[in-house]
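Here is the structure we will look at.
Lettered A, B and C in written order, each chain numbered from 1.
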């Protein structure tokens, strides 16, 4: 599925991975978090090989309805990662509630995930990922299942998480097929080509932070970067014989 | 009174009327052509009215229910435990699969003679046979339920660093619960059938024994009464089960957007 | 085609071996026969034609009863299921008769039909009717409105619609019903044979138990198991063959 992919993830950066469908973006994430062992090569976290999901890594899925447990309330879902943290019950609840507040969710603790809207559910999923204070946050097309408006809201939530969540910067690797989104959010964008997935380009975004939906997206640099990515993908697809042009 | 309401009431009445008419036809025919084998409805109901409230009969019913409960609990327990194991661990599934597939194909009544040899004609035999029959639908449905757990759910469990036991009991079991309950429902009707079958052989009480005994004594209305009672019992048990199911699975129904019954 | 499950079959061999050792070691031959004895009895029973004869007898009433139930169940189910009125009219009668276990009717059936084939045919048919009828009803109700509208505007008669739209649409449900009925019918049929003790594999088992011929008894159980298994496999093959157009999710594995 993937071949010849080598890259570093720098601490504190927000890295997006884009590429056409089927190029192995999800497989890449699974490799990064240790859910799938590599058939060749290795994944290193702080120099150590990743054999199984490290405790410092958290994952957010696209389909929140399948990753949040419907038989548990929101607060219990969010508290799950804290099982082994050695905290008292009161502390666990407090932490979970704090994270929910950070995500802009108020008064939903006792509700069930399926009682909330899609956007709110995904925030709960992100909250659950953050409650254990991970060093690295991985997201697999996290905004693919929500409507466009909610999507932009959630993008800004992610930026906040990256920038000033409890005054620590979380390293984020974010997989998406939406190039504009990738450029808007990231410090760097990795472009994968398809079948087999191959690292085609690594592009530094170099846009100012904090990012703003309107201003940033209309800046010349933004357009330049997104066009560059589009061109890279198009020429790669042509090479691979996928486009008729 | 809206048209829709009248419509519904009318339709309900239609069903009742048809049912009543069927009974009426039976009654009329049985009276005009008295047949030993097909007594009038009124005769059956009359005997039922006399027999059903008696201590003897009720004790008999209680005995049947006890056997059913014990066999059902045992069979369901084994079915769920084995099902969780086989559903979660590929190795377990592959190892046990041929044996389970074969045992499952044996009609439970076929093991009755063999169990009699080992356990005699008492309640032990009955409970064993009921448990055997109950365990397979539950097992199969449990395995299916666990295997159907979404990859995202499994991955989340892995990311949360849940151990095997925790994953099975805190994730797979709740996730598979709707499927397990479906299996339990099927198993209930099989259980009722097996209680009757097990009471056909060498029992001294129980509804199955009652029906057979009345037949041997040529008490035809009583025999019909026993059959009727069994039907009612099955119906009531099913209703109760649905109630419990609703309660257990309320989160599932609401999550799936289905109305609870 | 799945590859053969070596581990599973090895496990079966292991269990059989352990049983063999256990029975000999603990002298359990009075309660449980040694697998080697069962296999011998099985070979003998098959080669002498005894077992196959009994199975044949069982299959006779089984096939007839099941066939009756399938025909009646499908026809009734389609007709009733296609009409709201008929459905409501018959609902209480169906709900009343349905929970009555067919095995409970065996004593009655003996009185009415005697101890032979007609009695067994009746209880098997009764038992098998309900799952098929209910499933056909369910399938007929679920038939896509769109298909019906297309048929109606194409000028197909009511009966024609029943046959060419409702019936195929209900087939997946009907198939499930037939599978359930098939195993239920076998259970009830063997029970009837056991209770009446005249002919068929059920009564054969009863006789072997009374005569304490344990290897023969277990051989009969094994044969009955294979019978049940074969019926199930045959039905699944038939289902896949006739219902090739149904998506994977709806068919049995």
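Following the convention adopted for this analysis, contacts are C-beta pairs under 8 Å (C-beta built on N, C-alpha and C of every residue); 3 or more make two chains touch, one makes a residue touch a chain.
Please read all numbers here as calculations on a predicted model, not as lab measurements.
Participant: Hey, which pair has more contacts between C-betas, B-C or A-B?
Facilitator: Between A-B and B-C, contacts are more numerous in B-C.
Participant: Determine, using the mean of C-alpha atoms as each chain's centre, which chain is farthest from chain B.
Facilitator: That would be chain A.
Participant: Express in whole angstrom the distance between the two chain centres, defined as the mean CA positions of chain A and chain C.
Facilitator: One centre to the other, that is 52 Å.
Participant: Distance between chain B and chain C based on Cα centroids, please, to the nearest Å.
Facilitator: Going by mean C-alpha positions, chain B sits 17 Å from chain C.
Participant: Distance between chain A and chain B based on Cα centroids, please, to the nearest Å.
Facilitator: 48
Participant: Tell me, which residues of chain A touch at least two other chains?
Facilitator: None at all.
Participant: I need the residues of chain C touching at least two other chains; which ones are they?
Facilitator: Where chain C is concerned, no single residue meets two or more other chains.
Participant: Counting only residues that touch at least two other chains, what does the list for chain B look like?
Facilitator: Where chain B is concerned, no single residue meets two or more other chains.
Participant: Quick one: which bits of chain C touch chain B in the complex? Just the residue numbers, please.
Facilitator: My answer: residues 5, 7-9, 11-12, 15, 31-32, 84-85, 88-93, 95-97, 99-101, 103-108, 110-112, 183, 186-187, 190-191, 194-195, 201-202, 205-206, 208-209, 212, 214, 217-218, 220-221, 224-226, 228-229, 232.
Participant: Show which residues of chain B lie in contact with chain C when the two form their complex.
Facilitator: Spelled out, the residues of chain B in touch with chain C are 11-12, 14-16, 18-19, 22, 37, 91, 94-99, 101-103, 105-114, 116-118, 189, 192-193, 196-197, 200-201, 207-208, 211-212, 214-215, 220, 223-224, 226-228, 230-235, 238.
Participant: Which bits of chain A are touching chain B when the two form their complex?
Facilitator: For chain A paired with chain B, touching residues are 30, 33, 35, 52-53, 55, 57-59, 61, 63, 66-67, 69-71, 80-81, 83-84, 112-115.
Participant: Can you list the chain B residues touching chain A in their complex?
Facilitator: Residues of chain B touching chain A: 150-153, 155-156, 158-161, 171, 174-175, 177, 251-252, 254-255.
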